Structures are given as C-alpha cells and as structure tokens.
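Order of writing sets the chain letters: A, B, C, D, E and F. Residues in each chain are counted from 1.
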Amino acid sequence: MKIGIFTATYLDLKLEEVLKKAVSLGYEAVELPAFKNNPHLDIDEIIKGDNAKKFKKMIESYGLIISALSNHTETNLILGPYGVDTDGIFKGTKEEKIAYGMERTIKTAQAANALEVPVVCGFTGVENFGRFFPFPYSKGWSEMEKVFVEYFSKILDKFSEYGVKFAMEPHPNQLIYDIYTAKRSIELLGDRTEWGFNFDPANLIYLGIDVENFIDTFPKKIYHVHAKDGEIVSHNIRHSGNIPTGDWQRIDRGFRFRIPGWGSVPWKKVITELSLIGYDYVMSYEHEDVTMSREDGITKTIAYLKPLIINKPYEGRNDVLFQ
Amino acid sequence: MKIGIFTATYLDLKLEEVLKKAVSLGYEAVELPAFKNNPHLDIDEIIKGDNAKKFKKMIESYGLIISALSNHTETNLILGPYGVDTDGIFKGTKEEKIAYGMERTIKTAQAANALEVPVVCGFTGVENFGRFFPFPYSKGWSEMEKVFVEYFSKILDKFSEYGVKFAMEPHPNQLIYDIYTAKRSIELLGDRTEWGFNFDPANLIYLGIDVENFIDTFPKKIYHVHAKDGEIVSHNIRHSGNIPTGDWQRIDRGFRFRIPGWGSVPWKKVITELSLIGYDYVMSYEHEDVTMSREDGITKTIAYLKPLIINKPYEGRNDVLFQ
Amino acid sequence: MKIGIFTATYLDLKLEEVLKKAVSLGYEAVELPAFKNNPHLDIDEIIKGDNAKKFKKMIESYGLIISALSNHTETNLILGPYGVDTDGIFKGTKEEKIAYGMERTIKTAQAANALEVPVVCGFTGVENFGRFFPFPYSKGWSEMEKVFVEYFSKILDKFSEYGVKFAMEPHPNQLIYDIYTAKRSIELLGDRTEWGFNFDPANLIYLGIDVENFIDTFPKKIYHVHAKDGEIVSHNIRHSGNIPTGDWQRIDRGFRFRIPGWGSVPWKKVITELSLIGYDYVMSYEHEDVTMSREDGITKTIAYLKPLIINKPYEGRNDVLFQ
Amino acid sequence: MKIGIFTATYLDLKLEEVLKKAVSLGYEAVELPAFKNNPHLDIDEIIKGDNAKKFKKMIESYGLIISALSNHTETNLILGPYGVDTDGIFKGTKEEKIAYGMERTIKTAQAANALEVPVVCGFTGVENFGRFFPFPYSKGWSEMEKVFVEYFSKILDKFSEYGVKFAMEPHPNQLIYDIYTAKRSIELLGDRTEWGFNFDPANLIYLGIDVENFIDTFPKKIYHVHAKDGEIVSHNIRHSGNIPTGDWQRIDRGFRFRIPGWGSVPWKKVITELSLIGYDYVMSYEHEDVTMSREDGITKTIAYLKPLIINKPYEGRNDVLFQ
Amino acid sequence: MKIGIFTATYLDLKLEEVLKKAVSLGYEAVELPAFKNNPHLDIDEIIKGDNAKKFKKMIESYGLIISALSNHTETNLILGPYGVDTDGIFKGTKEEKIAYGMERTIKTAQAANALEVPVVCGFTGVENFGRFFPFPYSKGWSEMEKVFVEYFSKILDKFSEYGVKFAMEPHPNQLIYDIYTAKRSIELLGDRTEWGFNFDPANLIYLGIDVENFIDTFPKKIYHVHAKDGEIVSHNIRHSGNIPTGDWQRIDRGFRFRIPGWGSVPWKKVITELSLIGYDYVMSYEHEDVTMSREDGITKTIAYLKPLIINKPYEGRNDVLFQ
Amino acid sequence: MKIGIFTATYLDLKLEEVLKKAVSLGYEAVELPAFKNNPHLDIDEIIKGDNAKKFKKMIESYGLIISALSNHTETNLILGPYGVDTDGIFKGTKEEKIAYGMERTIKTAQAANALEVPVVCGFTGVENFGRFFPFPYSKGWSEMEKVFVEYFSKILDKFSEYGVKFAMEPHPNQLIYDIYTAKRSIELLGDRTEWGFNFDPANLIYLGIDVENFIDTFPKKIYHVHAKDGEIVSHNIRHSGNIPTGDWQRIDRGFRFRIPGWGSVPWKKVITELSLIGYDYVMSYEHEDVTMSREDGITKTIAYLKPLIINKPYEGRNDVLFQ
C-alpha cells in the first residue's frame, strides 16, 4: 500500500511545490482535484493533445503516481440540492445544474483516461438529506434513489467507455452515507464494475458504525481510500450528540475531522482488514483537521501511518506443528 | 407527575373509546391532535360558542385532563420543506404553505386557550436538514435560523395573547433536534416564556446524547414530556449506524422507536432529573413502537411507568447526624 | 408466545405433580424428557396402542400443551464422545453407542408423532470439542463434520417420515455451539426443513455473542426456545475467563447458568427479535441456576417473563402523518 | 433474608408510628438508633430492670425483630476528628471525646445484649481522612491504624463479654472505607469474631469497586446489610468526579445516595453473592435519597426488593444427565 | 508548546547535571523547586543583588527557560493540616505555620519576579480533606473556604505587586482537587488574574473526570501544565477502588502515578484541547512513576510527547469547496 | 528485559540465517525448537560430546543467548489426545505415545542442561478439552488431573536432576488454559520449583481474562514470556464469539493471533506488571499473525516493543516532600 496526499489541501500553493513537499516527507502518490478553475489540474486542457502525457511525466519525475482524480465539487450538482446550496459551484436551473454536473463528471473520467488514472473519486449529491427520516415525507428517499439510477447509469456508461471507475465517497449529506445506502447503490445500479467506493473512514465512524464492517462488506468495491480521521469527542458527545451543526472550531462539538491517529478510527484494524481483502493501492491523506495546521498534519500523518502499512499477507507455516 | 396518552395513536377509534380504554388502564391525561380533519378534535369547531366548555367537560367526566393540543403536522409547513415533502399536509406554493402553517399553528393556540390547555406541542419544520453539515453550503443553516426567528416571533406573539406556550419537540429533520439547536432557538428568539420544549427522549437518545443533560440544561423550559423510547439496537448499530434510512420494520436497523422501558432511555434517571428540576406535569405516551401492537404498548407502558413516578422531593433530615 | 417448563427439572416428582404446580403458577406448556427410564415419559410405551392419545388427553386436562419431547441425553451417543464420557448413558463399543443413540433419537420422533408434538429437542454430541482449536490436529473438526452429515441425514430422513422436526440446541461441548457452526450445519445437511434449532440463549451469551444475532441469522430455523439465562459474572470474569472448568458452585466462576432475568441475556431484546421474525411458539423454562432453589426459580421466572411477552406485532399507522 | 428498616429515617415520628407503617408495607425487621437523646430508643433506660424485655415484646407485637442497634453518631468520637467536627455530637477535649465515645459504644452493646440483639452497627471515626493520600504526611495513616487497634481492642473485649458483634460500616471519611482497609482492620485486630461489617453497598459503589467483591472477600464477616443505593450520576460524573463536595441536592453532582434500584448497585448480583456466602439475615433500608420523599422511598424500596429475595440455595440435580 | 522538566525529581544531583541531561534529551524548559534548603534553588539568596540575573544566564546558557518556580511544600502550611502532618516542613504552632507558609509563598513570587519567571506553582493545603463528605460535620468545607479567601487574598495582593501568577495544582488532599472546587476558588477570590492553575491531569484522571473538561472549563486559567500521568489500574480497580491508601508500590493498587503515555490520561485529547484554548507554554515532566526508574522516565517521556506537540492551529481552507 | 525470537517461525531457513536476520534487527535472544527432525536443533545430537558447547558458542558469536528450548509438539503426546489427533507427531498406541512424549520431554531438559539453558517451554496435552464443560461427563476433568500429576511428577523429577525448569504455556486445548487451571496445576503438583509458566498473553486474552492478573497471581512462576498478541476482532466478536473454529484466515473470525501491538493485549500494562514482579528475562516473539507476512512481523515487533521495555524499577524519592 502507498501513502498519498490529496493536493486540494494546498490550493494556495502551486502544484509542484506541493509535490516537492510531499515527496520530501515520504508520500508516494497524489490525488488531484478536477473541478473547474482549480489551480492544480485543468481537465479541459489536459485532454488536449499530449498534455496528459507531459503532465503525467512531470508527476512521475517526482517519483509519484496519480492515485485518482477527484471531483467532490461538481458531482454535487447531479442529485442536488439544486438551489442556493450549490450556486457556489454552478449557477443555473435545476436542469442546467444536472446537465453541467454530469458533463463535468464525465469529463473527469475522460481526463483520468488520458492520464491513465484508474479512478475518479466524487460524490452523488442528495436533494434533501433530511429525508433519511421518513417524516414528513416517507416516499422521499426512494424517489431520490430512482433519480440516482437514471443519472448515474448514464454517467457510468461513459466511465465504462473510458475504462475508468467511479469511487463514490460515502459521506453525510449525500445519497450514500453508510453501509446500508452503499449496499443499496450497488443493488440499484445492478452491481457494475464502474461503481465502487472511496472509503473515507472519518465520514462513517461517528455514526456508530465499526468502519471495518464497511471494508468487509465490500471486499471488491473499495477503489480508493482516504487517510482521514474523525474524532468522536468523548468529553463532548453526551452533550453535543454526533451530528452537530455549527462552527467546526467550536470547542464543545461532539465530532470533528482529524488527521489519522488523532480521532476514533482504529487504523490498525482498518489496515488489517484492507490487507485481508487484498486492497493494495493508495491511502490518500486529506487535511480537514480543525485543531492543527496543515504543517502539523502533513508531518504527523506520514510519521503515524508509514510504520502501520502491512506489506505482505501471511505465508502460513508448514512445519509438523501446522500441517 | 401524571401519565397521559397521545390519542393520535388511535385515530381509527372514536375519541371516547380511547378515553375509556385509557382511563381503565390508569392513564390520567390526554394529549389531543389538532391538525385539520383529524377525527378527535376539530379546532375550527372547538373555538366556536361553548363547544370548548362542553368538550372539556366531556374529557373531565372521565377523570382526565387535556395535557396539550399537538400539531406535529401543520407546523411543518412553516419552515418547510415546501415542495412534495409536505404536499400530503397541504398543497400550495411555498408562500401558501407558510401562511397556512402559521395560521393553523395560531389557531391551535386559540383552541388551547378555549379549552384552558396551557401548552401546544409541535414542530418547526426545516427546509433542508442536510445543511447541518456545512458542505456543500456552509451558510445554509444560519440562513434557516433567520427565517425561523422571523416566523416564530410572529407566532409566539399570538401565543402570548392567548396565554398559551409552544412546546417544540426536538426531533431529527427539524430545525431543533439536539441540545445545541435547542439552546440556539432560545437565544435567537430572545428567551421568551412562550417558547419551550416538548421533551421526547426517544428523539435524542440515538445521537449519543445523555438525555438527562437536556433536562438539566433547560430546567425552566420543559413544558411537556413524551413517554416514548428509542432503541439503539445494540446488535445492529455497528453495521447500521444510528441514523439509518429505510423501512422501520427492517430487522437490521440500528435504531427503532419503542415504548418506554424497551429502548435505551434511562427512565429512572429521566424521572429523577425531571423531579429535581421540579417538573410536575404530564408524561404522554405515544405509540410508535415498530415491534409490538398498540394493545401491547398501552398496557405495558402504564405498568412500567406508574411505579417509577416520584411523587415528592426529599424533605431532608434534621436529627443530630445531619444538622 | 407461551411460557412452558421443561419437566426434567423435577424428575424427583411425579409428572402430574409437576403439571399441577406449573399450571397453578401460569405456565402453559410442558417440554418432556424422552431418555430411557426417565420417570415422566416412557417413549417405548407411549408409541403402543392408544397410550399416546390418553397421555395427551391427560396433559390437555391441565390446560397444557406439550411443546417438545427432549432427548439431550441419548443424542450425545451419536457423535460421541464414545468412551467413558457417555458410559453413564449407555455402555458399549463406539459402534453400539452410535446405533443405540440413533435408534433412540428416531424413537423419540416416533413418540412425538404419536403425541402430535411437532418438535424433538436434542444434541448431536461431539467426539472431541477441543478440536475447535486447530492444534494439534487441524483436520479434526472437518472430519467430525463429515460424520455428522452421514448420521444425521439418516436420522432426519426418519424424522421426515414422522413429520417431526429436530431442534438441535447449540451448546458448548457439542458440534454446534455458536452461530458459525449452526450455519455450517444447515449448509452441510443441505438446508432440510427437519433441521433447526432449540435456541437457548444461556449457551451462547458467554461466548461474547449478541444472542439477538442468532435469532436474526436464523429467522426460519428457530423451532423451540429455552428460557434459560447465563450470568457472565462481571466481578469474576477478568480473573476466571468465560469458559471455566470446576464446580458450578465455586464463588469465583466467570460464568454460571441462571434463571431468566438474573443473567446477561437481554430478554426484552430477545423477545423483540423473536417477535420480529414471527416466532409464536413456546419459551420453555429449565432450571439450572446454581444460586437458588427450584422453588425460587419456578416462581421468579414466570413473574419475570410473563409481562415481557409481546402478544402481537405492530399494526402500523395510517393517518395523514404516516401515509 | 428479611427486609428491614432503619428507623433513624423517621426521628420526627414516634417509634410505634414507624413500626405500624413499616409492617403495613411488608417490612419484617427494624434497626434502631442508639445515640443519646434519640426519640426511638434510650439505651440508658433500656438496660434498667425489665425495660428491655417490655420493649422487645412491644416490637415483636408488630411481628418485627430488631436486626441491630446502630450508633453511627457517637462512634465517631473514638478515632475523631476531635475538634469542631464532632462538637455537634459531644463537646469536650480530645480525651473526653474518646472516653465518651468508647463508653457509649460499649453501652450500646450492653443494650443490645439486654434486647437480645446480636449486632451493633457503627463507625470508627478517622482523625484526618485526607491521610489516605501519603502527602504531605506519609506516616499519617499507619499512625491512625495503631490508635484504632488500641481503642477497638478494648471495646471489642466488652462486646465479647456482652456476646454482641460490632458491625463497622465501611464509609468515606472513616478509617475503614474500602476492601483494602476492611481487610487491614481484620488483620490489625487479629481476626476477632466480635469484629465484622455492616455492608452498605452505596458507600462503596462510587469508588469503582465491584461491591460483589466485598461480599466474596468477607464471606464470614458480613453481620448486617444496608439496603441503600448510590447513583454514579452518569451524565455528571465526567465533569464532577466521584468524590464531590457541596450540597447533596446540587444537580451536577457525580454521586448521590439513592434508594435501592435507583442507583448503580447491581442488586441481583449483590443478593446472589449474599445467597452464595450463606447470608440469611436482614437488609435494612435507610433513606438518604436526595431526590425523593421518604414516602416514595419506603414504598418503592420494599416493592423493588421483595421479589428479588432468594429464599433457598440450589438443591442440585440427580438424574442421569448430571450424576 | 515546550516540553520541560521539574528538577525536583533529581534533588540528589546538582542542578547543572540535571540541566545537561535534560538538554541532551531535548527538554526545553525547567521548573525549579523553591522550598527552603532544596539544593537547586535558594530563593533567599536569589533575590539578593544580581544573583537572579546570573542564575538566569546560567540556565539560558543551556538553551533552557525557567517555566515556573514551584513550592508544593511550604504552601501546605497555609491551610494545613497544621499538626504533625506538616511538621516535616516546618515545626510550630498553627499560627506560626500559617505565617511561615504565607511568607515563603510570597518570597517565591519575589524570586520569580527577580528571575523573570511568570508563574509560581503550588498548593493551598487543606485542614481536613475528609470534610469533602458532609458527615460528621456538614459545615466543615465551607468554613475552610472562608479561611482560604482570607489568606490567599493577601498572598495574591503580593503576587500582583510582583507581577507573578499563582498556579494552584488541583490535587487530592488539597482544598482544590476537582473541577467544582477549582470553579469555587475562582468565584471565592473574585476571579483575579493572579489566580489560576497548574494543570496536572494525573491528579484528576482517577476521579472519573474527563480531564479535557478541566481544560475547556478554564480556557483562561491554565498557567502551567504538568506532564504526569495516572494509571487507573484496570485489573485492580474493581477490588481496590480509586482512592486507595497504602504503599505506592503494592501490586494491587487501583491507582498509580505514571509517566506520560503509561497511564489513563488521553494525551492526544489533552494536547488537542490545550491547542484549541491557545495554551502555548510548557508541559513540565515530573517523575512519580512507581514502576520504573527515573532514567526510564526521562527518556520515554520526551520520546512519547515530542511527536504529539501541535505546533500551530488550523489555518482553514478557502477554496470553492469551503467558502 | 531482552527481546528474543522463537526460531520455529523460520523452519524453512537455516538457523544461522535466522540468527543473522534477528541480530540485525536488534533481537537479543533465541528460543529454539526441540522436536524431532526440526532443522534448527537436534537434541539427540546436541547432548553428545562437546556439541552443546560448540553450538552455544556459535549462538553467542552472534551476541545472542538461548532463552529456552521449546517442545510444544511432543509434549502433547503426554496427556493426549492419543489417536489420530497426534499421529502427525508420533504414531503409536496410547501407551507408546505417552512413553515417547515423556522421553522426548525429558531429553529436551537434558539438552537444555547441556546448553546451560534454564528453561524448557512446552505443553501438557489434554485428552478431551471439551470436558471443561461438566456435561456429559462431570468427572472427566478431575480424572485428567490425576493422570497429569502422575506423568508430570515423573518428568519434573528428571528436570530437577538436570537443573532445568519446565515452563508450561497455558493455551486452549491444553489441560492448563487459564488462571484457575494454572493455579490447580501448582496445587496438584505440590508447588515444585521445576514447574512454572511460559506466559503467552495471546492464549489468554480472548477468554475475557485481564492478562495482567495472570502475572500478578504468579509472581514467582513466570519462567518465560511469549511476545504474541491476540486480537479480539471487535467488529466480528458479537457474531462469531470468542472461541471460533474454522480457517484462521476467514474474515469473520472473532479471534485471531497477531503480532504484539496489533491485538488486544495491553502491552504497557503487561510490561509494567512484569517489571513490578521483578521479571527480568526474555520476551520471545513468535509469528502466528494470520494477516501479515513474517517480514512485516519481525520488523514491526521489535520496533514496537523495544521502546516499551522498562529497564529499572523506581528508586523512590528522598527529599523533604516524600520522607
């Protein structure tokens, strides 16, 4: 397994500066943002001529690979919410947002294909996440599932053409946010190879789920992994609850995103299960820790995770004791 | 403290049949539904002439009191969601829904006044509960708070005129759903006497909150209490998570509503804290248990809760040992 | 659901005395022992003439039903152990023990048929339970599984003829002792209707299993239930461990059998899951509590369990709030 | 086992009123206070003439026994603290306090002898409980132990003469307050029969001790039992800690005394262990619950405990299955 | 944040030897003892002439700063206990002890001023810690609080003149020992800037307090931090309880002081909260671990804590995803 | 304490290759297998001439010591099981197996003597481990204890002659497998110095035992320690139970052997207790981790354990604060 970094953490720096820093600390892969106007990767340009080839060479010159292109932004336009909530991403009518979101998602796959990157990470959006609760509208959730099948079947057809997989990142305020909805998504789409998950344990840990169960439930469907942690703030949770709203920095929150090793994710167990299912790709670090600087994060994360990587599975024993 | 029953559980029975049954089992109070066309109480009619007086007399003839009028239905129109999610309650444009919701809420207070009932229970609605998570729209929640202040200030002015209190029931898929948002609501409205809570521990227990903390945080603000339990399904939670979607009856859910004593609410602790803050009104049983019949529920609930009621606080001791 | 009693607890009393006592306390069913020379039921005699009809009538005259015939004794001869360990049951060579065990098991089915009792409870035996651990003989367990299939396929063919089901009671020192081995047994036999389980939560609770999982895993396979509890002795377990040997009465044991409500079995959860899977037969009390008299047990058990029985599933709600 | 009541809870009532009330609810024994000027029992008078005989007859006329005489007050004078802390009990110099405390303790034994009551309950006092921590004076605790041996050896010699046992109640702010100090006390005194314990689980539970361990550690030394509970207030403890100071009624305390069944004492386990060690005397209810009235307490306690009493130990089984 | 060391651990070594050792291992600060006749710092001498200047230069020549002067010894004389318990510190009448204690405390502030050290750490003493329990003397604790205000107001006036803060270390057998008493101390003194805390989590952890709550409760009042851990000995606690007396080395103790990382203090959480409240001073290691040598401690502590230090708070993110 | 390695993990490599690898990573001791035909040590040869001397010299030339000779294989023949279960070790009748097992065990002691190795590690065997449960044969376990005493008394007499100790490794499917059976073994043999334990916490942790209790119970009897961990697979245990059968690699097992630091053994606590009882010998790493390669294991184990070794006990403090 390799430890990578999601460069979206450093949109204020030039990509090559990020690469240099990452390599110097021991990171071995990068996950690149794909949304419009991000300063690290312009997918409209990359698909032209031999831009992709050159870009890839540049990345490789640092000894790095690109683990995934990620479009957590424009993918939200597909299932919504469509109004003001996503105007910051793209302004338009519901129909325009959907069309644009689908187009950009597909273009991300095209760019991935050009760059020989096997995975695109992203979201699905959700028109109204509150419908997880069946009141006041008990049919709300299943109606959103129908729309999901319609749009994503089309998107995945294109992914299939590009030979690229879509790794949905289960996350609150998304249609897929836990093991049950992840399972539903596979059933609804008809178990397509193009559809799998970007496993980010931080997004699941605070729901009371043993995140190891996510891995064991989907041994063939984990296409990418985020090295992000989430802290169930034990001295706050009994007051705050686990799905608090309000400022990430307020001191009495029951949940915060953290860097690996500083939250509630049992990393040794996560890495053990990933090893048991044969996952041998990238764990990509993304800084969303609200208590420490990115400098603290980038340094502490690699120092923490590197010694935990399991390099090979057990060979068994063949002596007289265990034959 | 009295044990009451929310008759909304028995909309298929005539009100007097419910009253008979309740009284025969030992219930001492009723909470009545106020939404349009419910078969137990027509608030449009009750406010006319001496209808209220007669109705109240009828209730009292069973040895019962009315603990609250409850409008968990039409109150959802005020803050939304406004589209298809609330069409089952009232069809119309957003503006029409808001106007109707406010009008009905106020009329419920008028009816309560007529019936000399001190409390109206209800919800606030929430346009998009998913905004509790600050992505993709970080300003979403605070914008909804502004609308909340605008509409509810007007509503509470009317409640003030009627001498009736509004007891908001913190609940998922509502703007107020935990201790933090409950605290915010008091601050935002300017701590008005008309604004308080219908404490239903089942709605809070599965967020990891010690529900006793809700009581101790709001010693002056608990205007009504629901005797409803919620089961964190311990053998499922680590797979399912605590905010599952899907059918209430599916066997692998991590959370279910239950009758008191069959879920995770620590009733002795709840009753102890209620006693310590001096709450001496009604605990109203509402059947939403997905595992047993209403007959099971109505019988088991009173048998469970009755022996737990604390009748009086400690008088202290004055002998030589404790002077 | 009915609460029954396994009369094997009272082999020192005449059956009718037991029936009288049971009925007077509110028990509604009896489970009867079938092993040779037990004073309550002689299966060799019962299958003759109209003995069964008369016996059944006698039972019914007390307002009782026979929930099951149980042969936890002679069934151990089938898979062993065969030497001194089972000489108390039947002396003979391995082959003789197997033959006798199978014959008696089948005869129990014949008696059940005659008495119109749908279920026979019993064990399988296990030659060497220590083989659960794959050292020193890693093939030991799977070899025993082969023998199991051979003998029990024959037995179940006969059960099929008699229209009777075999309810194996998962238990330590048996081939089936946990969820995994129970699942294996179904697979190995080819999921036959004649094969299911007598669910006794006390036998599973101390292995760290959530016994509710057993119920949910086998919704169609629970043919009978034992109302027996097991106490993980919390103040002893960290010294004693959970599979102690030695006298049941020694005070420092980490595990003890108990009557329902005095151990670690979460009975409300057990009854909830049984209700959800539609189990509507008998919970049969068997006294093996090492801390209190049978008189304590028979009285306390029915007093504890009776109010917990769920009589009917939820009917749902159909008003405007939940349509 | 019998359930009794400590009448010290009702010093505002005449003794016979308390007896009437207790008997009417099902209590079977009384524990009587022995300190000077208490209105229920004057030990100076009782030892005169046939006063004891008459008094005992009066008690018995209610169908009650006297389980113990209790002097939790004057016993504090023996080991202190000697200054203002005990002036409310008896004013005097250190030496005068000690002499008076010893004299009164011995007189309590004399009264018990006269009344044919086998046990006197009480404390030891402790000059400075803070010395449990070895700073600033590491020799402080062992010096107090020496004094303890000196005074209590003399007292117990007298108890021996009267054929009465002293049941020390381990309690914070006493020299004996946990299992370790209880064990020390036995060692220090040379394991005298006159010295044992009044086991009050409420006084131990909040130290993190499994109170069952107290019972199992001293199977021969439990001479009397208090039916008092202590609540580790789970929603407060992580702020308050377990040894809080300040008003018993303040809502944020991490620990409170409660009636049986409303605190953290596992009563079924306590009664099980008491049964296993063969304790067959009295559990005496003492009301110190700060959240409910004595009327609540006296009613709820007996209703809770009565069904939990184990009447006889297990007789074992002798059929072919368990020989 | 810097990691320092309290040199009181090494009173058998010359100060400069300790400094050399500390620096060589990476420590960056020293906390120095101030009590009479300690071999590291003579405060009577240091306040004379330019002694302080020279001493400070010597310390700085090692690249170290002085984080605090600490007088945990003589501060105990102020509130007591006054008899034999503090004779090892200073012999005299109660009045003489108080006067001397106050004088020495003030002189420590004077020395800190001379050395430009902003903080003096210390205790308050407590006449009888057992009064935390309101029996036998319910007014005892509040009387000690009055004395506390009287003496410490005077002391803090002097600290104010010297521009030095007093950092009281909450600790068992002191008037301030938990969050509640710490809060009381602030209220009682009138929230003076000179009064704050030396946060030593080891002293709080075993009371069941989440030590993070201490930090969050007093964001402006933590003036110094001790890097000391406390082990709630999980395999002993249920026998021993959490406030055991007796030898620190006895193997069955439920609580022991330890070095950071070997006890129950959640250091990542502690450092996270310290970071969130903006604490950016020193964590000072003090060896009181009863299971390992000082050499083990000094090496392991710095190796454990150094990688955990959070250097800077989160800068936030400003891209399109989080605007 | 030294960290060693059990070379049985590498029977596919020549011994000297293993030694080189071990030394290069920092291991300081080796535990060598003694069973017939193992490629690392031929005990039949080693006892001849000066073979032992040469072999020892060779080991020492790597800077290593031999911590123990281990015969976990042939020792199983002594108490069985005797049939097919141990045919892989030695084929023969029961009597032949016993004779051979005893002879080989004694010869291992002879070899240890020759090599000046103080300890032989091994098992006892158990004829039928299932007898830990007293059904169907309640006398089974105590009968096996009698045989144990007979055979092992003879063996230990020989060990005594050779001046070598036998360190039994408590383990499932052995007569000694928990604290209780370990205690029994000492009692049964009459507390002989030759009899003690090879403490392997992995074999105990999953029984719910706090393994620290094993250490504290047998402070004089721990002759050797295995650095092996066991993972109670928290996300599986509630389905699987703690004594699962079936393939070590199946992903849903509730228990797995692991390398130190990746399981449930609290190593800091284990090392603390070992330090407190004065154990100062070897912790020997044995690879049975089913999730990672031996290369992962040998590297991670030493990196994890080395910094945790406690080198010396606490010296105490002698300043004025603690005299």
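In this text, contacts are C-beta pairs under 8 Å (C-beta built on N, C-alpha and C of every residue); 3 or more make two chains touch, one makes a residue touch a chain.
Keep in mind that this is a model prediction, so the values were computed, not measured.
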Query raised in the report: By the touch rule set out at the top, what is the minimum number of steps from chain E to chain F?
Result: 1
Query raised in the report: So which pair out of C-F, A-B or A-E basically repeats E-F, with more than half the contacts the same?
Result: A-E
**Report entry** Chain at maximum distance from chain C, centres defined as averaged CA atoms
**Finding:** E
Query raised in the report: Quick one: chain A and chain F, Cα centre-to-centre, how many Å?
Result: 45
Query - Distance from chain E to chain D - Cα centre to Cα centre, in angstrom - result: 39
Query raised in the report: How many angstrom lie between the CA centroids of chain C and chain E, rounded to a whole number?
Result: 62
Requested in this report: Give the residues of chain C that touch two or more other chains, as numbers and ranges in rising order.
Outcome: 73, 88-89, 135-136, 210, 213, 235, 238, 252, 321, 323
Query raised in the report: Can you list the chain C residues touching chain F in their complex?
Result: 73, 76, 81, 84-86, 88-89, 126, 128-137, 140-141, 143, 172-173, 178-181, 204, 207-210, 213, 217, 232, 237-246, 248, 252, 254
Requested in this report: State the interface residues of chain A toward chain F in the complex, per the touch definition above.
Outcome: 210, 212-213, 216, 219, 266, 268-269, 272-273, 275-277, 307, 310-315, 317-321, 323
Report summary line: Counting only contacts in the complex, chain D reaches chain B at residues 8-9, 11-12, 35, 37-38, 72-73, 88-89, 231, 234-235, 249, 251-252, 261-262, 288-296, 300, 303
